[in-house]
Amino acid sequence: MKDDVILRTITKFMLPFIQIFAFYTLAHGEISPGGGFQAGVIFGASFILIALVFGKNSARSKMPRNINDILLSTGDFIYAFTGLFCIFAGGLFLEYGKLPFHSAKEGNHIGMIIIELGVAITVAAVMMTIFFEIAGKEDD
Amino acid sequence: MEMIQSLTPVYAVLVSLIAIIPIYLSRNNPNLREFWTILAAIVKFIIVLSLIPPLINGHTVGINLFEILPGISFGFRVDSLGLIFALMASFLWILTSFYSIGYMRSLKEHNQTRYFVCFAGSLSATIGAAFAANLFTMYIFYEALTLFTYPLIAHEETDEAFRGARIYLIYLLGTSIAFLLPAIIGTYLAAGSLEFVNGGLLAATASKGLSSTFLVVLFALFILGIAKAAIMPLHSWLPNAMVAPTPVSALLHAVAVVKMGVFVVLRVVLYVFGIDLMSALGIGTFLAYFASFTILLASIIALRQDNIKARLAYSTISQLSYIVVGVSLLSLSGVKGSILHIVVHAFSKITLFFWAGAMAVGAHKKYVSQLSGIAKKMPVSMAIFTVGALSLIGLPPFSGFLSKWYLLKGSLEAGLVPIAFVFMISSFLNACYFLPIIYIAYFGKISPEDEKDSHIKEAPKMMLVPMCITATMVILIFFFPGIVTSLIDLALNGIF
Amino acid sequence: MIDFFTTHAPVLTIVVFIFGALLAPVFGRINNSLSYYCALITTALSFVLSVYLLFSVYNNAPLEYFLGGWKPPYGIEYRVDILNSFILSVVSFVSFLSVIYGYGSIKSEIYEKRHPAFYSVYLLFIGGMMGILITNDIFNMYVFLEITSLAGYALIAMGRTRYSYMASFNYLILGSVGATFFLIGIGYLYMQTGTLNLTDLAQRLQGHFDTNVVLVAIAFIVVGLMLKMAVFPLHFWLPDAYTYSPSVISAAMAGTSTKVAAYLLIRLMYTIFGIQAGFSGINFSGIIIVIASITILAGSIIAISQTDLKKMLAFSSIGQIGYILIGTAMVNKYAFAGGLLHILNHAMMKTALFMVAGGFFYKFTSTKINDLKGMGRQMPFASAMFLILSLSMVGIPLTVGFISKWYIILGAAQSGYWIVVPVILLSSLLTAIYFGRVVHNLFFKDSEASNTGILHAKIPYSMVSSTAVLVFLCIFFGVFAYMPVEISLKAAENIIGAMPWK
Amino acid sequence: MIEFIADKYNFWIAIVLMMIGFYAIIAKHNLVKKVIGLNIFQTSVFLFYISISKVNGGTAPIIWHPEGHAEVVYDNPLPHVLILTAIVVSVSVTAVALGIIVKLYKNYGSIEEDEIKLIEHNEPELDSK
Amino acid sequence: MIAVDFLLLLLLVIIAVAAISAKDILTSIMLLGSYSLVIAMEWVLLNAVDVAFTEAAVGAGISTILMIAVLTRVPRFEKEPKEQKHFFNLFNHSELLALATVVITGALLISGTWDMPAFGDPNSPANSYLSPEYIERSYPQTGSHNIVTAVLASYRGYDTLGETTVVFTAAICLILLIRSYKKNER
């Protein structure tokens, strides 16, 4: 598919929109369908699309394996650490209400956004990892 | 009878167990290795001897090491019954050790280290069972003995040896797991404890309304589970185990294994069920008849055996049942006779097995039919055999007479005249299978090849001396029975 | 501080695994051995925490922990009582020792660059099980069940043979089917009750036991868990999985994974299915006892015919799971304690046995029973440990194997399930036969020229010492059984209430 | 009778779908087919859960107008949450299964279960990796 | 409404049967993708929009791509099974046995639905016990308009941590299983 001009052009054109849509899904997870997981999948899918259209090397150069591996842990770490932080803030594990914000409701709200971000990062990294590992070596 | 808290019985058990380590470590130096064996045997005997004085003064010695589960503890308790067994076993271990050295070296056996290691382990298990304070401890040592003697029987590592050892293991482990263990569990369920009690552990529970069927079944499980006593039909491991080296057979058939079997039967009858409960249930009489069947049948089979060791094995099966019958008579003389017979038979039969080993080493003979005229070449051995054989037949002035006397008296005391007849017929049968050997050895014609064969000579001194000692003991006990009977009386004090 | 610690200990026990698993691959980028220490510290920490939990709940009331601060049934609840903290301790202990063992064996069996990922997956595997054990929310159980299963599939596939992949795939399919059955069961229960919290579920199920929905839900949950537990007709995946996985994984799995599934079944049986009551005229405990008896006998019989040591041990594990089931299904204090003790005892014995098998493999790259001839001379220490463990498996007194069997038999006699007694005795005999065969090969046969493929001259101390610790404990708890017995009796009392004598 | 069917047909069809997937898992020898069957099986279970959550006349559980939303009937949100989690689990299992299949093909040159077992039976390899 | 629902479900059955019976695995995979899409539509119909979104992204998107990626490395067509009798392999060697198992399991499941609350019953335990509470509390307590997100991230936030860990597990498992290294590939 690497030689199909139309496909390449359209992909180039669409990619920013896909990624912006991913962020939209993440940010609007609380008022409309969507959330961290879906956002992560879409964001990961955008890289898979790059790999499909421009080749795996090209995708890998945009998202190197090392960074990908670290992101894999980072997202879940943000989530779990938020939970742990709640303990130190005087609450129970994952009790966002005790986070140092104005009110319990505020804390809950912001806590949810933080963990959704964590989920999105991990899921995006996971989707890329799964695809790249299953699809084989970078060059074939 | 107060209990003296003392670790002495523990030491008695541990001596030979610890001796395993130096024996194993000095595996490359046979002399040193044998030195350790002998040393352990002697130390053990001395420790056991040191237990006599407190017992004479009417105490028991013991210790409860640890409680494993509620009501089940691991502990030792030395009473005179156990002491008799332990004395006999540890004394004969010294002799057997010397004898083994001579036997193993003259036959240049392989794997001698394993042999001596397992031998030491077996002795620990034997003493442990003798001194066990409860059924649980006894069960442990019962199983341990089975496991320790397995390598000894398989020693030759031929197919036949493995087969014999496998049968041995299947019979003994199988019955003990399938019958003895449930019996112990049943006892625990009924009595809530497993300690040996003088009047009988279960005697107290009889009044609590336990159904007699349950108790009879329990007793049947015990008897089936103790395959080491070789009561028919669970006897066939014994002839099969004859593939072992002769010192092992001597140990198995005279001292450790089978004697532990009947010893456990004694413990069960006297200390778990108790005389009163036994006679109330009527199972004593039943057991007496059941075992007397073994006495007769085994003697008859022994008549037909040409292999020396097989003949001795069947003789052992029959003699063991003497002891079982004796105790199941439940009369004072009967029990006394049966305990005495443990000792007497041990000395007599180990003499005979030593003799069989001497025949194998000195003359390379394994069958009765080969022995004609052998007395000319091996006069000492044959004299010793004669002593052992006559003792087992029950003639004075040999100790066999004493125990048979008590047994006969006991059967009349219990009012079981048929049993008395069984004893008499069996004595006659004993004569039938021992006297021919003596006859052909002394009066038979020696074959020309044997006449010329210069290899046929007396066994080495290392073997001959222990034989002489045991034979002397056979005679000594007849003239000085007090050594044994005073201890027996002590043991029976609390029971009758 | 102590208060803070006690309050948060339940969740920390699990969360350390998540952190460990996340950090292991990151640290592994810096230095491979860092990931090893990450695994070591994580398992050690969780072991300390779970023992702390055990003592805390043994002396005081059960602990509750509301995750996110939401009260159940709205939020997820952790509930620690003696039963699950006991198993938590067992699992974390076995996993800790396995990590120590792995120091030597993983190096030789797994390619160096995979170590960080390996340790990470290992931590997830153990952490998932710990999560199942501690939670009081049935859907949370499912989530953690999947974490541990997924990690388990990958770990099994890391074995040295190519058939490991097939073993892993079969496990994956059957495991997923089992988990999905469990999920279906949860759905049906949710349909009937509208809640997922176990305590709440138990209350809301009262009076609904005779509905089809609940019966089907129970059937599916039980079948799903039995798949995970490898109970006899559903055991296909287990022998291959244990045989073809790396030594350290066989050891860790044998000690933990099936027991956790057994715990799940026990927990559900007693808290929500109401095994005591018996509903709709179905004798629930009778059915499980029959299944368990068949499992015990079948596992033991098939084990006799095996030619591979690890496979033999695997079939033996199938049989031993039956003991745990049979003990806990009898609704008797002593039998329950016996089954519970068997979780500890079998974990120690089987883990140690697989460790010894791994030692043989380390040295000779073979676990065929025929290749083990004469090993008694070449590896006397390992063979001696194997002998002790075999005796323990048979149930010789003064070893742990005896203690649990004793209590199960005692309970069987008390509750009148006499049929159990011959089953256990017969299986002890069968166990003696198949272990006797191996011991015979070890000590009484001369080594043959075939096992010349010696990989390493010497077995590392890490492998020997971790095995020796377990063997020592097998004897120690067999002699001084007081502590585990007390704990499990109290757990049994709490679960089924004091039963009158006879 | 018609009413009874109308009440239950949703569940029944979900169950039928489950069984189609389950059949593929058991009966198919092709490993990819097994994974496809597993996917169908699990997805159908999810359908069953979502069917539980439906309330007649309800709307999606999103509060559009926080003031006075009490009159609005919402569907049960809890099964949705559970299934969101379960979908993730399902795709994770699929990914791992596919990874194992790739490795199996590399080692055996086949993705048919019976062929692999035959190869292993005929030429078992110890320590082949 | 019911008609659309029923037709979609019928379509699902047809697609499922076609997917498992196709010999060409690529066809199977594409059918599986469409199965996911149709089921997502069904879920939209049942008002489970979040789930539908996820299923469309994951089931129809990622899963399909992954399977096709695998298919580039393995044979495309399913082979006819060789007749092979394995005694212990009860689960594999007979389609009849499989059919029997499936029928029994299905019958059991359907028998369970007999006394279930009706589809869409607002008074069923599931819909009347916890769910009203969630609906009532979620906005005041968390400020989230989407109740599903609120329950997912807050009330059952720990499940979601588990879920994130599951995907993490999947990725790390794949790294462990098939990541190839430059030298000395294993």
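The letters A, B, C, D and E name the chains in turn, as written, and every chain counts its residues from 1.
To be clear about the criterion, a contact is a pair of C-beta atoms (placed from the backbone, for glycine too) under 8 Å apart; a residue touches a chain by one contact, two chains touch by 3 or more.
These numbers were taken from a predicted model, which means no experiment stands behind them.
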item: Least step count from chain C to chain D, where 1 means the two chains touch; value: 1
item: Shortest walk length in steps over touching chains, chain B through to chain C; value: 1
item: Where chain A and chain B overlap in contact partners, by chain label; value: C
item: Chain pair with the greatest number of C-beta contact pairs; value: D-E
item: Chain whose mean Cα position lies farthest from chain B; value: A
item: By mean Cα position, the chain sitting nearest the middle; value: C
item: Chain B-chain E separation of Cα centroids, rounded to whole Å; value: 72
item: Whole-Å gap separating chain A and chain C, where each centre is the average of the chain's CA atoms; value: 36
item: Chain centre separation in whole Å, for chain E relative to chain A (CA means); value: 22
item: Inter-centroid spacing, chain E versus chain D (mean Cα positions, whole Å); value: 3
item: Of all residues in chain C, the ones touching two or more other chains; value: 18, 22, 25, 67-68, 139, 143, 146, 150, 153-154, 157, 184, 190-191
item: Where chain A touches two or more other chains, by residue; value: 31-33, 37, 69, 72-73, 76, 80, 83, 93-94, 96, 130, 133-134, 136
item: Residue numbers of chain D (touch at least two other chains); value: 18, 22, 52, 60, 62, 78-79, 82, 84-85, 88-89, 92-93, 95-96, 98-103, 113, 117, 129
item: Set of all touching chain pairs, with the criterion as stated earlier; value: A-C, A-D, A-E, B-C, C-D, C-E, D-E
item: Residue numbers on chain B that touch chain C, as the complex places them; value: 66-69, 72, 74, 136, 139-140, 143, 147, 151, 154, 157, 162, 169, 173-174, 177-178, 181-182, 185-186, 188-189
item: Residue numbers on chain E that touch chain A, as the complex places them; value: 49-50, 52-54, 57-58, 61-62, 65-66, 69-70, 72-73, 140-146, 148-150, 152-154, 157-158, 160-161, 163-165, 167-168, 170-172, 174-175, 177-180
item: Chain E to chain C touching residues, read off their complex; value: 88-89, 91, 108-109, 111-117, 124-131, 133-134, 137, 154-159, 161-163, 165-166, 168-170, 172-177, 179, 181, 184, 186
item: Chain A partner contacts - residues on chain D that touch it in the complex; value: 60, 62, 84, 88, 95, 98-99, 102
item: Contact set on chain E toward chain D in their complex; value: 2, 5-6, 9-10, 12-13, 16-17, 19-20, 25, 28-29, 32, 35-36, 39, 42-43, 46-51, 54-55, 58-59, 62-63, 66-67, 70-71, 73-75, 78-79, 81-82, 84, 86, 89, 91-92, 95, 97-99, 101-103, 105-106, 109-110, 113, 116, 118-122, 124, 126-127, 130-131, 134-136, 138-139, 145-148, 151-152, 156, 159-160, 162-163, 166-167, 169-171, 173-174, 177-178, 186
